[in-house]
Amino acid sequence: MNPRKHTPKTFSGTNYSVVWSEIVKNIKILLAYPVVIVFWAIFPVFWFLPFIFQGEAFVGGLQSASFAEIAGTPNYVPFLVVGAFLNSYVLASLWGLGESMRREAYQGTLDYLLASPCNKAFILIGKALSESINSTLFAISQMVICVLFFGLEITIGAIMPIIFIIVLLIAGLYGIALMLAALSLQYKQSHDIAHVLDYVFYIFTPVRYPVQSLPFWGQLISKLLPLTYALIAVRSIIIMRQNVFFIYQEMLYLLVMDALLIFLGFYLFNWVEKKTKKSGTISHF
Amino acid sequence: MEKTCTEHYELRKVPCPSGFTLANLKAELRAIWESNVKEWKIELAYPISFLRSLIEPIVFLLPFLLYGLVLVGGRYSENLKQLVGTGDIVSFIFVGYMIMGFIGTAVWAMGFSIRREQWFGTLESIYTTPTSRLSLVLGMALHSTMHQSIGTLLEFTVIYTVFGLALKIQGILPTLVVFALMMFALYGLGIFVSALGLVLKEGWIVAEGLHSIMMILSPVAYPLAVLPNIVQQISLVFPTTPALMGMRSFLLKDYTMEMVGNVFLHLLALDISWIIFGVAIFYLTDRYVRGRGALGKY
Amino acid sequence: MVYDSVDEAYSIQTVNLTKLFKKRRHFGIFGFLKKRAKEKESSGREKDITVALDHVNVNIRSEELFGLLGPNGAGKTTLVKCLSTTLLPDEGTATVNGFDILKQATMVRSSIGLAIGGERTLYWKLTAKDNLMYFASLYKIPRNHAKERVDELLELMGLSDRADERLEDYSTGMRQKVAIARALLHDPPILLLDEPTLGLDPTFSRQIRNLIRELCKKEGKTVLLTTHYMEEADEMCDRIAIINDGKIVAIDTPTNLKAMVKETELVEVTCYNLPHNIEDHLRALCPNVEVITALHGEEEKGNPSRIKIMGGSAEKYVGTVVDALHKKRARIVNLRIGVPTLEDVFIKLTGAKLTEGGSPEE
């Protein structure tokens, strides 16, 4: 005799449909804010204008011999512009995916997500993919602005390697973002952790200046961040006109880092989810 | 259906100061102070966030300094000396960056005061009190000003210790006066932004955009002279521009009383303009939002 | 001051108060490609406008506990918002404590205490005391007096022991008590209470209701209470206005309102297997009956359906109804002949039902 009074219904959808639904949901929400789309497509580039003007004021032109000694190129404008472009992925991962769980909690939907029978990993993959789609579209827009207004030159042969590096960068950043999302389930002040991570990237990655301009301990921290390798690699291709084989070391570091960060991210998320379900604090904010 | 009432009821008098009286002014000032205290209490309920926000000015300043040092290959820039009369890039950037946080006061703290209350769900309750709505915004301004001042002091301590700063002591007093005048105008700007925040649900974009524009147009990290001429003229509309030019003159160079007078007059004119403009827009949008019934909606 | 013809002062008086809202439709990503034909209603108003208040005229006497009863979306909160000056009406005006809501808004705000039901209307990261002290300053209460007043109110609410705990650690009922305490800080003559027992359990609801009654009767406050719980309105209010679709459909004492359906007995049949077209069938059989409403329950879960019939003397049609249900194979479990409630008044006046959840069903 079946002890269950009501047998739960099962449906034919798969976990992959969860991924797709998550992507569609996030994109629909984004499209409800057209001003936000326009903002992210344009503004991150203009945040670097003060550095460009500063450079002009200090060196009296668009090239600096002192800069060339450390950075390998006297042209600081393309150096900055590449930094701006790749930095937008950091912002997307930290404040997009990283804070996504916190946003679900604010909206009151987190409980329902976690109570659903699907595998949570697929929800996170969906979130990550939708953030990637958004970031890439914004990045393309920013790149067009850089090419048109800042004289950035990108050859056709450089496009595929750049895309590959960006994919590697995104994977690593999302490993970090997953860890942040996990922490946001447990610690209600995860917003501060996101800020601190943002500060670390802000100071210790060569977005605005070469790694060598940091003190020794700063350079060590820099080497632990995926953005560092991505920036070195992309600048080598675009500014130094090196070919892909020249940057194989940076790509290798990125691959190893990605594997580690993604593994840690998923592991931490599962562990924290179980822990917070036990303590009952999962949807507090 | 309604019964006719034959009894006489008296309406109740309400003891509450109003109009242009000293009692009302005192009550409004007290409301501003209490709004400030309330903000501090909420902020200190998140101690980690509070501490982080204190180090934030230093975090955002450091890249400007490191970048400048790398570009120039040291601390002294001949080109800067020719442009503004001083070549010490560290002191130059620091004086500019000191006021960065106060731009945030106007744009973010004041600009988002009303939206924050909407998010808390307390806006309608506040709006049904007899206190002026502007007092709420000014209370947030006071809190943010105090907060930024603490951050700036900390920033000064760290930068002075690590890099050293060449500032003239006799320039401190006129700098403080210029700072005060700048803040009045920034409060007017902040009131304007808070009005926008009431109308635009994605008002943070306006705030971020305005903040970015002010950062670019104001000579925070570079002298005004590097900007195109027309942009320089537009820049003079923002109080941060004459304030920064004045502060740098007072703290980094020798200055004359004529220079001081020009800066003060410019800022005074901006104070009057921005305050009138901000308050007018605030009251117009208040009416508009109350007409639309959007006060309670986040 | 506003007076009626017979030396009467109204604490709250509205004159043709009207509020319209524009509907915002969303048609999806490519909605701008879809044609949206605008059709004018016969009254001349476009279908894209929602009439939240439709020329509302209400007079509330001093020291009266006045109820505003209606389903969700009827216009109750809109009326409260207009009276509290947070919403500007499109037509008409009102006076609160003799002050015009449009021209003397500050004095209106000094005269009212507002308490809205719901989760978030206070600062959760502050203690109850901090919250009340802050709002006291906004009511321009001098500091020393505010301290005494806050202590007094916390004592009244039974929260003195927990005055220094943050609101995030309070239950919903306790937070609502703090919200009502806030409305009383400046001892206003008028209280606007918008669904104050919303979301509260029966114990807290009862406490809040008792408190409201005391405030009205013992402290002489005028209370405008909005609710969609008819038992609450019936139990507490001196007079009730029934509002639906922005219109006031009736204003009177609960007794007089129920007397509107007094000659009409209510027959309520509880049954299973209630057919879906039973209302039309019974109307055909009993043409003199005024109201027939079928409430279909979730019968598979054990919740029976009910059918309510009102119309004159029950003995004239009860037999017909029972026979008809038997023939339709309904299984009757209970039959009640009783006195109509306010819900029945509402049904009679509007043709809609005021459910416990407050959503009108027709």
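We just call them A, B and C in the order they show up, numbering each chain from 1.
Definition applied: a contact is a pair of C-beta atoms (placed from the backbone, for glycine too) under 8 Å apart; a residue touches a chain by one contact, two chains touch by 3 or more.
Just so we're clear, the structure is a prediction, and the values are computed from it rather than from any experiment.
**Q** Per-chain Cα mean versus the mean over all protein Cα atoms: which chain has them closest together?
**A** Here the chain at the core of the arrangement is B.
**Q** Among the chains here, which has the CA centroid at the largest distance from chain B's centroid?
**A** It is C.
**Q** Once you find the CA centre of chain A and the CA centre of chain B, what distance in Å lies between them?
**A** That gives a centre separation of 31 Å.
**Q** Report, in whole Å, the distance between the mean C-alpha point of chain A and the mean C-alpha point of chain C.
**A** Computed value for the inter-centroid distance: 49 Å.
**Q** Measure off the straight-line distance from the CA centroid of chain B to the CA centroid of chain C, and report it in whole Å.
**A** 43
**Q** Give the residues of chain B that touch two or more other chains, as numbers and ranges in rising order.
**A** Chain B, residues with two or more chain partners: 46.
**Q** Would you tell me which residues of chain A are touching chain B in their complex?
**A** 33, 35-36, 39, 43, 46-47, 49-51, 53-60, 64-67, 69-71, 76, 189, 191-192, 195-196, 199, 202-203, 207-210, 213-214
**Q** Provide the residue numbers of chain B that touch chain A in the complex, in ascending order.
**A** Touching chain A from chain B are residues 46, 48-49, 52, 55-56, 59-60, 62-64, 66-74, 77, 79-80, 83, 89, 93, 202, 205, 208-209, 212, 215-216, 220-223, 225-227.
**Q** Which of the residues in chain C come into contact with chain B in the complex?
**A** Going by the criterion above, the answer is residues 1, 4, 6-9, 11, 19, 21, 52, 59, 61-63, 78, 81, 84-88, 90, 97-98, 106-107, 109-112, 114, 116, 118-126, 130, 133-135, 137-140, 143, 166, 182, 186, 188-189, 250-253, 256.
**Q** Which residues of chain B touch chain C once you look at their complex with the stated criterion?
**A** 1-12, 14, 16-18, 24, 27, 30-31, 33-35, 37-38, 41-42, 45-46, 120-122, 124-131, 287, 290-293, 295-296
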